Structures are given as C-alpha cells and as structure tokens.
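The structures considered in this document are given below.
Two complexes, one shared chain (subunit A), two partners (subunit B, subunit C).
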Partner chain A sequence: MTFDWNWEFAIEILPRLLRATINTLIAAGVGYGIAMILGLVFALALRSSGRLPRTLLREVLEFIRSTPLVVQIFFIFYVGPQVGITLSPWVAGMIAIGLHYSAYLAEVYRAGIEAVPRGQWESCRALNLTTRDSYVRIILPQALPHAVPGMGNYLVGIFKDTPMLSVIGVTELMQAANSIGSETYRFLEPYTLVGLIFLALSLPTAGLVRLGERRLRRKLGL
Partner chain B sequence: MWEFLQTYGPRLLDGALVTCAQFILAALVACVAALAAGLGRLSSLWPVRSLSVVYIELFRGTSLLVQLYWIFFVLPLFGISLPKFEAGFLSVGLNVGAYGAEIVRGAIQAVPRGQWEAGYALSMSPAKRMRRIILPQALVLMLPPWGNLMIELLKGTALVALIAVPDLMFVAKQINGATFRSAEAFGAALVIYYLLARVLITPAMRGLERAMARRLGRA
Partner chain C sequence: MDLSAYPLELPESDRPMVRFMNVTKSYGSLVVLDSLNLDIQRGEMVSVIGPSGSGKTTVLRMLMTLETINDGVIYVDGKPLTHMVRNGRLVPADEAHLRRMRASIGMCFQHFNLFPHMTALQNCMEGPVQVLGLPKAEARARAEELLAMVGMIDKKDQHPSRLSGGQQQRVAIARALAMRPRIMLFDEVTSALDPEVIGEVTQVIRKLVAEHDLTMLMVTHQMGFARDISDRICFFYKGRIEEQAAPEQFFTNPQRERTQQFLRAVKDAD
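What follows is the complex of A and B.
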C-alpha cells in the first residue's frame, strides 16, 4: 500500500464520519455537563467540610488529575460489572470523562471563588444571609466570570479527549474511523479526515474562547 | 490482593519501566520541539514563524490519539515507517511540545523589556542575548507550568498501549483480559501512575524550580 489519496473514497466515507462527529459532540457535551456539576460540588466541598475530609478529597482529586483518562475509562467500564453494576460503554465513558474533568473544573471554580474579595463575604454576614444564600446570590455570580476562561479551555480539552472513548467501543469519530479502516484496509483517508474534522471544530472554538476571555477581562477591568 | 501482586507484580513493574522509558524519551522530544517552536514563533523570519504556528496549531487542535494513529498507521504510506515504540514517544512528545511551545513563548515575552535593552546596550548579538540573558530568566518563569505539562505527558504515554507498546496500561489490559480481575489490574496501574506523578515527577520539577531560582539568585 502506497500513498494514494482517493477522493472518491474520502467523499464516500465523509457522511459516516460526520454522523459520528455528532456523537462526539454529544459525548463532549454530556461529559462536560457532568464535569461542571460535579466540579462545583467538589469545589464547594473543598471549602466547607472539616479538615480531614478536605485533605482526603484534595488527595482524591489529585489522584484523578494525575492518572491517565484511558485507564480510568477501562477501570470504570470493567470494574462496574464486577460489583454488580453493568454499564453500557456510553454510560461508563460519560462517567469517566465527567469525573476526570470535574477534578480540573473544581480547581477552576476554587480559583474563581477565591478571587471574590473578602469584603463580599463580610457583607453577606452583615446582611445576615445564610451560607447557601451567600453562595447562590452573592459569591458564585461574581466567581463565575473569573472561572469562564479556564472552563472554556477545558471544554476544548474534553472535546479532544473524546477519542479515548473509542477504546471501550463508544461509537464516536475515532471509532468510526477505526471501523472504516478495518473494513476497507484504508487508513489514510479516515484518519486524515478525523484530524481535519477535529481541527475544523477545535480551532474556531479555541479562538472563541480566547476572544471571550479578552472581552471578559476588559469588562471586569483586569 | 497480595497474591495478585505476587503473581503479576513483576509484569506490572516491567510495564512501568516501559512507561518510564516512554516518558523520558517523550519529554526530551517535547523539550526540543517546544524550544524550537517557541523560539520559531518569535522569529523575525516569516517562513520560520509560520512553520512554528502550523506545528503548534496542528498538534494542539487535534487529539493525541488521532496524532498517534496517524503517525503509526498513515505515515508508513508516505514511506516513513516507524516502529511502534518510536512512534509512541514521538507522537506524545510532539503533542506535548506544541503546548510547551506556547509556554516557552509566553515566558520569553514575560522577561522584562529592560533585560532585552541591556543586552542590546552591551552590543550582544541577538543569539548571544537570547542564550545568555533571556532564556535563563525565561526558564525560571516557565518551569511551574512545565511541571503540570509533565504530568499531562505521563498521562499521554498511556495511549501508546493502543498501538501495542507494552507499557503499564498495556500490561494492565493484558492481565485483565487473562484473569478478568479488572479492579486489581487497572487499580494497580492507576496507583503506579499516581505514584510516578506524585513521588517522582512533581518533586523532581519542584527541585528543579528551586535549583534554577537559586542559580539566578532569586531564592
């Protein structure tokens, strides 16, 4: 097999790859949704509870952040059935990727919350707001703008990590390219197209994130 | 658990050694690529500049897994056949190098203007100024983000198992396939990865940061 780019073949497989791209986007979106919620829970837990649970949670998050996502995906997918929870590839994949990125987002939220001036907390106390009200109505709305740039970067990151889901058979872009490759023994077109689709999606998104970050900085007067 | 480690511990360790080898080689590739592309991005020659931008955006805009498969499966079609071990650390290194290039560029640009002007005032050549004045100071600035990047690099090496490099992840998968003891196999792999990151890489990077800061008389 030598280098010969076959346009006909490329155009023939493009619809199949684009359909799989939708799955990739869904996976990234759902995974990110889980990560956003779980990350907030972790960030708040890191601030509230006692010393021991806090240290423990910090270590757990550190563990999640410094071990490979692929191994985590395998772990969740294969260990689930052993303890009696059989997870479909999609569910296992979403949990793994959501959990992985929640550890990163917790850090982003934490930095955002810490960027809110002390005086805001003191005002909350002066106004006799409950902790819950202080967070929901005063602190988090101000913390969020500080967190947005970091959140944007991890959105692009999660999108680029979705190909790892192919290892447990989630039918996303990479998996589609793999099966085209094994059906036709042609790897040049599918893998190149996958690369191009990723570029076409992640470069504009990264650009938008940068633009949004600059706008936000100006608005916040940073 | 104990007898699992007794039976499979040696194999896991062999895998961990391959992971370490992949890590070190990929880190070397990443450093060279990051320095070249980071400096190239600041070059006054437009071909050098655009080549660096293309490299950086190409590798940051796509997934490591896509790059790995492309280098391993597609590059041979162009006549460049790499063995799986070399393809593995080369892809991981080039991927991380693209992120590193942005760190290098940022750090060089963060060296105060006066330092550049002082180098100019001493009529140093641009190359000498970069080597003797700017880069050493930029190095101190870029080390903390490089620490994080090294952890990402370690995590990235787990993907080389997918092109059958017998690293830690590959061994864990094999043990899982042979024994169905998934919790032990993948759990042990996760713990080893964590220990590598926490006990070796992070302290080493911290030590390097301190040593560099001391050399510049900043600590």
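What follows is the complex of A and C.
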C-alpha cells in the first residue's frame, strides 16, 4: 500500500472530472429550482385554510425531512417502476432531491413570511388588496430577505448532496470519480480532486449569499 | 345568534353612514365590546376616547373588517357590512361581500404600516392600480396630488425608512385617501410620534375635516385636538359607551362620574 500522489495522473483525469462537475452543477441547479418552487407552494398551502389538508401536509413534510435522502432516491428510482412509473436516473434523481429540499425550503419560507409584521397584512386588507396581490406584491418581497440566508444554506446543502445521485447512476462528479477508480485502481487522485472541487465551489457561495442578501435589502429599500 | 330582528337594509329615512347595532366582540371569555350601539352620520367627525383597553381600537378594526364580530350587525350606508343577504336572510359576509363593502372605508394606523419596499409614491399608487384598476398615469397623478396635499410631494421617491414618523403618517393618510373612501378611520395616528411632529399630522386631519365630506372616526388621546375638530365625542369605558356628547358639552359639563374622573386624570397628566 503506497500513498504516492501522481501529478501526471491527476492532471490527466482533471478534464473528465470538470466535465462531470458541469453535470453536478446542473443537477444541483435543477434540483434547487424544483425545491424553490415546490417549497413555496408547500409554504403557502401550510398557511391556507383547511385544517385537515394543512395537518396532512405538515406531517408529510416532516416525514420527508426525517428520512434520508438516499432512501428517497432509491425509493423513487426502484419502487417507481413497480407501480408503473419508470423514470430515468436523472429524472428520478431530480424529483427526489427537489422534493427532499422543498420540505426544508417550505420551512425557510414559512419563517420568512411570519417575520413580516402583522401590520403589513392589515394595510393590505385596508387597501382591499386580494390575498394573491398581498402575497405577491407586499408580503413575499419582504419575506425574501429573511429567507435568503436559509435558502443559501440549503443551496450549499443540495450541492453537497448531489454525490448521492451516483447510487442510481447519474453521471455527476462522484460517479465520474468512481468510474476512474474502477478503471485504473487509483483512488487517491480522483477522490481528492472531487473534494477540492466541492470545496472550491462551496466556499464562495456563503459569501455570495451574504452579499446577495445585502443587495436585496438595499434594492427593496429595507 | 338570531339575526331575524335585524333589517336587511336600513330604511332611506334612517340611514346613518355607519351603524353599530348590538355589536358584541369577545376574545375567548373576555368581552371587549358589549352590545355596542353607535351611529355615525354622513360627514360627521366622531372622536373616540377612553382608558387603555376600553375597546377603542377594536371598534375601528371591526369597521375595517380586520376583526369578525360575535353578535350584532354593522351597517355601512344602510347595507350590512358584517353580513350579507342570502335568500332573504342575513348570513355572515363572505370575502367577496367584504371586499365590496371595504371599498368605502380607509384606515390609518398608529404605526403607519407603510409598505417598506415601496417609495411614498408607490405606496399611494398600489391600491389604485391593483384594486381599482386605474391606469398607472392616472394613479400617479392622483397620488401626487394627495402627496402634495399632505405636504410630502418633495419626498415622493423616498422609501419609508428614510422618512420621519410624522412624514410616514402623512404618506399613510395620502395612501388611504387614494382609494377614495367615504369613511376614514384614524387609530391614534399621533401616538407613536415625537411631540414636535404631531402638529404636521393633525394639520392634515384638520384640512380633511374642513375641505372634504368624509365621515370620520378617530381614536385619540389628544383632548384639545378632539375638542377642536370633532362633531361628537364618544367616551368608552370597559367596552361600552359611557357618555357621548358634542365637544363643548362633553368637556365643560361631563355628566358621568367616570368621564369626570377620566378627564381629571388626563388633565393631571398634561
């Protein structure tokens, strides 16, 4: 067993890993897009009337949050076909990761919406705005800056969770490193590079999120 | 609750702008308003005064439909506000009915509640554009006219966070007026203000009283101001109207023991 870092080999496999990184970014981006939209739908549904559906939804989201993502990925990919829903690895993976993170983002949105002072709702009513206009034009724009830090955390989270998609064969970064490993029997370089690529992409995100939040607040005049 | 005793509509001959008819409001077991009866005539300015917790704010909030009521009926311009007519009977109002009725009522709050992410002008255009469906240009012209009226035209492009309390409250008044209400509600609109800017807000309200035929209901702790501009003073005590009279009569010759106590306490505090 030797621990010898081979620069030549590392440089040789880097382009392949970087190509796979693009897929990782696409997976994270698409998954996050689904999570953002679905999360908002859930957050609004949690606030709407109808006690029974509300309770039901709350329980379902709690269930999604408290079971591992990898189980959900397997479930959608392998159990789906048994009930007649056959999905490609990519589609199954995006649904799983989007749904999983939507349960977290729903909470982030809910907290953001609740942080908007009650007086804002009262102004909306006094001006006779519809509930829809109140949300779209008054409440959500003010809730957004509150939600941005949480949204940023889960953006990094979803990015770091994309390697799980390799278990169903999505050709992202981890999958590429795995293939290189099994083809060459060298693991040190591919996995180290994977780690460094993740680090290089995660680190600036937190800073960018903080910057984005400040910009947003200024733009909204808050 | 039995609504059969309440008219579906008030007769032409007896149609105040606002009528509270046996209105009761409670939170759990706490009765905040106890079978309130109160008429406000067209164009009348009525000031509501009373100790903290006596239900003054609640009266306004019910009229603005921010609160539901537990008993009784509120009429606006002869038509039920809290209820609507279905199959010849009064039933609790649905959202569509409330939206229709709310159109004639505007309200200003103690803490202004301006939309912080919009400029003063945008605050005053939001309702007219979104709710009344006015073209932007027309809404803007009207908003600017109102901002000029409250002396805020030179700050029209400022966000609320850049305005003083008095300025924010004046914008809030303009915003409410932009919806062309026939009834205006003011809930302690000067209570959150520094003493030196109270005058700029009361000045605006004076102007409204003098130049507009609005019906107004105002909760205030400023006795001098209430005395100056009101047609009538209503003194609330523990969820009931303890005494009401024209200002001169009310302040110089209060009839009830509790009114006298309250006025003495207010005077001592000054």
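Heads up, the rule we're going with is that the second predicted complex is superposed on the first by the 207 of 222 C-alpha atoms of A that agree within 3 Å, B and C clash if a C-alpha of one lies under 4 Å from a C-alpha of the other, contacts with A are read in each partner's own complex, and residues count from 1 in each chain.
Following the convention adopted for this analysis, a residue touches a chain if its C-beta (ideal position, glycine included) is under 8 Å from a C-beta of that chain, and two chains touch if they have at least 3 such contacts.
Treat the numbers as computed from the prediction; the structure is a model and nothing was measured.
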{"item": "Partner chain(s) touched by A:L203 [first = subunit B, second = subunit C, both, neither]", "value": "first"}
{"item": "Touched partner set for A:V41, first subunit B, second subunit C, both or neither", "value": "neither"}
{"item": "Touched partner set for A:S123, first subunit B, second subunit C, both or neither", "value": "second"}
{"item": "First (subunit B), second (subunit C), both or neither touched by A:I85", "value": "neither"}
{"item": "Partner chain in contact with A:G195 - subunit B first, subunit C second, else both or neither", "value": "first"}
{"item": "Touching partner for A:R137 - first (subunit B), second (subunit C), both, neither", "value": "second"}
{"item": "Which partner reaches more residues of subunit A (counting touched residues only), subunit B or subunit C", "value": "B"}
{"item": "Contacts of A:L220 with subunit B and subunit C, given as first, second, both or neither", "value": "second"}
{"item": "Contacts on subunit A seen with subunit B and repeated with subunit C across the two complexes", "value": "none"}
{"item": "Interfacial residue positions of subunit B with respect to subunit A in the complex", "value": "57-58, 60-67, 69-70, 73-74, 77-79, 151, 154-159, 161-162, 169, 172-173, 176, 182-183, 186-187, 189-190, 193-194, 197-198"}
{"item": "Subunit A - residues contacting subunit C, complex", "value": "117, 119-120, 122-123, 125-130, 133, 137-138, 141-142, 220-222"}
{"item": "Subunit A-facing residues of subunit C, complex", "value": "64-66, 99, 102-103, 105-107, 109, 111, 113-119, 126-127, 130-131, 159-162, 175-176, 179"}
{"item": "List of subunit A residues in touch with subunit B within their complex", "value": "1-3, 62-63, 65-72, 74-75, 78-79, 82, 160-164, 166-167, 174, 177, 181, 187-188, 191-192, 194-195, 198-199, 202-203, 206"}
